[in-house]
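Listed below are the structures to be examined.
Look for subunit A in each of the two complexes below; its partner is subunit B in the first and subunit C in the second.
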Partner chain A sequence: MNHFPEAWGRPRDDVYGAYNPLYLQTTGPKAHTQSPAVTGTSVVAVKFNGGVAIAADNLASYGSLARFTDVKRLRKFGESAIVGFSGDVSDMQYIDRLLESIDIRENYSTNGNTLNAKNLHTYLSKVLYKRRSEFNPLWNHILVAGFDEDKKPFLSSADLLGTTFSAPHLATGFGAHLAIPILRRLFPEETPLESISKDEAVAALRECIKVLWYRDARSLDKYSLAVVTEAGIEIQEDQQVEAQSWAFAEAIKGYGAQVN
Partner chain B sequence: MTSIGTGYDLSNSVFSPDGRNFQVEYAVKAVENGGTAIGIRCKDGVVLAVEKIITSKLLKPGSNKRIATVDRHVGIVSAGLVPDGRHFVSRARDEASSWRGVYKGPIPISALSNRLGSYVQAYTLYSSVRPFGVTAIVGGWDSEAELAVDGQVGSGPKSGSGGKVEGAKTGGPGLYMIEPSGLYWGYYGAATGKGRQAAKAELEKLDLSSGTLSLVDGVKEAARIIYVAHEDSKDKEFELEMTWISSLDGPTKGRHEEVPKDLLEEAERAAKRALEGEDEEEDATKGNSNETERMEE
Partner chain C sequence: MTTLSGQPLSEAIGYSFSNANSAPHREHSFYPYTDNGGSTLGITGSDFAILAGDTRSVAGYNINSRYVPKVFKIGGDDETGDGAHIVLSVVGFAADGQALKERLDAVVKMYKYQHGKPMSVRACAQRLSTILYQKRFFPYYVHAILAGLDEEGKGALYSYDPVGSYEREQCRAAGSAASLIMPFLDNQVNFKNQYIPGSGEGHALEPKKAEPLPRETVEQLVRDAFTSAVERHIEVGDGLQMMVITRSGVEEIYYPLKKD
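Coming up: the complex of A and B.
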């Protein structure tokens, strides 16, 4: 061993020969983000008579590690729109700052911020599409909840490719597989919006979040829930999954405590 | 020493032998012709008001606002050349936005005024530009509560100080006035434009340095002062434009907003009453003096 700290713990030159710097790639194509780092999981949302309800848990995972447990993934925009983010948290923060600057600019006019959720969704989907076209995507799948220009409830999604999709109920990430079937059973196709109450929508979301907590390994039992109505936005950021029952896990091989 | 014929006023950035920059002084003259603008720093907020002279009956009432919002918590009103004021506001918005880009939070009023002062001063240094033809009043409220950093998602660790000082008093109202030379001071009450002398005299009567005037009273005083300052150019019609910024628990929640219509109208009515009252008092004293004169006769 020599007295140069930078050599400690490295292959010894007298044994392995000097390191061949050709292995260090100094030139080549510029690489952008190829995978997200700190991520949020599903966002779930349902339209109801007179508004939209949206929920997401408070977890930001670092790979499979439950790294941050008080992360707010539902972000307010103006007085009547909510954006729910899944995917990369730092990209979410970037978009959040972008939305903040838009809100500030909109408020320079005497009319205030008149952008509705539909305008916001159009804008965000174009931002996402532009970035994916630069091969430098913002690694998010977002749901935008609020109202359109006719004051009708609005719910739509946009993903990291800039793909947009709209439906009376939507979910991102694992929720697209686990929550959508539940929501489809509760609110079958062609269910008129007028027949779905706010309480029913909120109860459905709580049920979805519970199922996701049971079955999605990157989820948390603490979640946020927001309801957008004509009256404004109610947002609760310290919700807890209630009445958990893990009895079903007993019979499943490889699940929970049962190892073999 | 006069500037006429000496040649020292022909180019910007040139001193006269007795140390004056005439171009800057001419810019001040441009300001002195503008509609009166004032700002009052109250204990729980700041009021900005401007006398907007109606230049044409074809203009829509209430349009062409003269007080602008910068970020969310700052208002700027200026007297002098309107386009110069617009450009000044545009620069202020850029500064506020770039501050957010670096520090992830709203710019303090003092820092914004400092940057704007430097910007205006730079326009006195070069022969290729002319100084700003405006004196601007910058008013705002620095949040007294701890604000979340822009884009903040969580609340951080629940234990440990996190480098915070307990009980530190921060935030509050801020009012600055920036002149064409780039000079800026912080004020309790600021006035500029045509009626500034009358307005300053009224502001001094308010004892603003004691920090007792409430925001709502400040609104009424501001309206009255603009009406008083308008007395000397009575032949011209004007519109009163007023905005305010309150503390976080006040009516605007730390944001720069227009004074609500009903409060503005109430303040205007009170201002007109106060003026009529003064006139009556004057008439009354005149009447009395006439009487005494007669008695002497």
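Coming up: the complex of A and C.
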């Protein structure tokens, strides 16, 4: 005990080192997201004759820790659109709430919710672009699957900078490296959409998720798969990677301490 | 520096919170830009202007998509672009390019509603400069080229830097392969380093005078410029989109490029 009552009960600098006062700041510049915290990895999607299929695993990582293993990263919007999220999970939940409120508002309007996947993608890309322009990004890369105004299958991407692009098959994160080459080989970009069946598309996505599970260290063998067709959305949220074969792993040598 | 109790630091026991008011400033680690690659090119003739761009979109070594247009009709119908007489190309950061295009499109449409006549290319060029300069300290990270026909019906081409400096030119290449294309244009459009054979002794040759080129020649120059750029630049390829502006409107031509 000493004569400084305000210091009583506080950790001593000479014992514990100086406390980093950064975390106590209430004044100064407002801290925006500088990096994502809890994150989801790849989302993969492919267009087929009459619809779009999209898949993502159920993992939310905290750095290298597999933190939550039943996170649904495919979110429904209305009756014919799906949004697949990778990146920050809390930002995903914020965007999901945003979409929920739009869906409710639209449903109260005289025409019902007539927003299609294309409208949804335009809206989301503008939200993302606005936030990046405020230096307060929503740390996500999203894929939007569904239909456009002509009832044609629609698949498009938007990222945290507001960059948008569309292609017959898309993947975010690690999937851009691992899944896209598989999808391009199965369905070359010249192939007419009419020649790709729903079953082929779904089988291809399952294969992509399996490869990602083999090689993406932040992935999981439990995943969600959604198919959007004219008939509506089929969403399966507790899929398991089947027929795993780790035989290839034995042949992999030369990483880390093991040189040969 | 003093402690909480007002004692000089050297005489007090080392307790924490001694320097709670001097947190170091943290730098933003979020970078709001990316380079989506690609190249654009514009050339004018006596009664037409051509604005072209490749359709590849990249992020680092990844190809996002093989069809993301960089050349847009301004002031026309939202979906088809019908009725437009001005064309804008943007290359650099695609999300900024998209935002810039939408702002200029709105401006040109509002001008027509308010004044009952289409906006002249000269006026539109000045307005685009103002729009870019308004964001002088958080620029639209794009190189823009604006094309149309001037008051006399001659081809008009204006090129910009990201903060709005602009000038009217006969030809201009922008984007990642600009350094490959521009020297070719100097030689083939403005006849730089070309001399009339036998017009003088030794180095006193008479330079060949630049004259407006016919449309077929210009179209072929554009194709040649891009096929060559595709060979030597990894960010350029997939497709060439050409907008030809003449008295009778804007004609769009698509020409496939190598996809490697």
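Definition applied: the second predicted complex is superposed on the first by the 223 of 260 C-alpha atoms of A that agree within 3 Å, B and C clash if a C-alpha of one lies under 4 Å from a C-alpha of the other, contacts with A are read in each partner's own complex, and residues count from 1 in each chain.
Note that a residue touches a chain if its C-beta (ideal position, glycine included) is under 8 Å from a C-beta of that chain, and two chains touch if they have at least 3 such contacts.
These numbers come from a predicted model, not from an experiment.
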Considering only the touch criterion stated at the top, classify A:162 as touching first (subunit B), second (subunit C), both, or neither.
second
Once chain A of both complexes is superposed, is A:14 in touch with subunit B (first), subunit C (second), both, or neither?
second
Look at A:22 in the shared chain and tell me whether it touches subunit B only, subunit C only, both, or neither; answer first, second, both or neither.
second
Hey, is it subunit B or subunit C that touches more of subunit A?
C
So, A:4: does it touch subunit B (first), subunit C (second), both, or neither?
second
Identify the partner contact of A:132: answer first if only subunit B is touched, second if only subunit C is, both if each is, neither if none is.
second
First (subunit B), second (subunit C), both or neither: which does A:35 touch?
second
Based on the superposed arrangement, let me know which partner A:110 touches: subunit B (first), subunit C (second), both, or neither?
first
Subunit A residues touching subunit B - in the complex, by the definition given at the top:
60, 68, 70-73, 89, 92-94, 96-97, 100-101, 104, 107-108, 110
Subunit C contact footprint on subunit A (complex, rising order):
2, 4, 6-7, 10-14, 16, 18-19, 21-22, 24-25, 28-29, 31-35, 125, 129, 132-133, 135, 137, 157, 161-167, 176-177, 189
Residue set of subunit C touching subunit A in the complex reads 3-5, 12-26, 28-30, 32-34, 36, 57, 59, 62, 64-68, 93-95, 98-99, 138, 259
Under the touch definition given earlier, write down the residues of subunit B that touch subunit A in their complex.
65, 68-69, 71-72, 93, 97, 100, 104, 150-155, 258
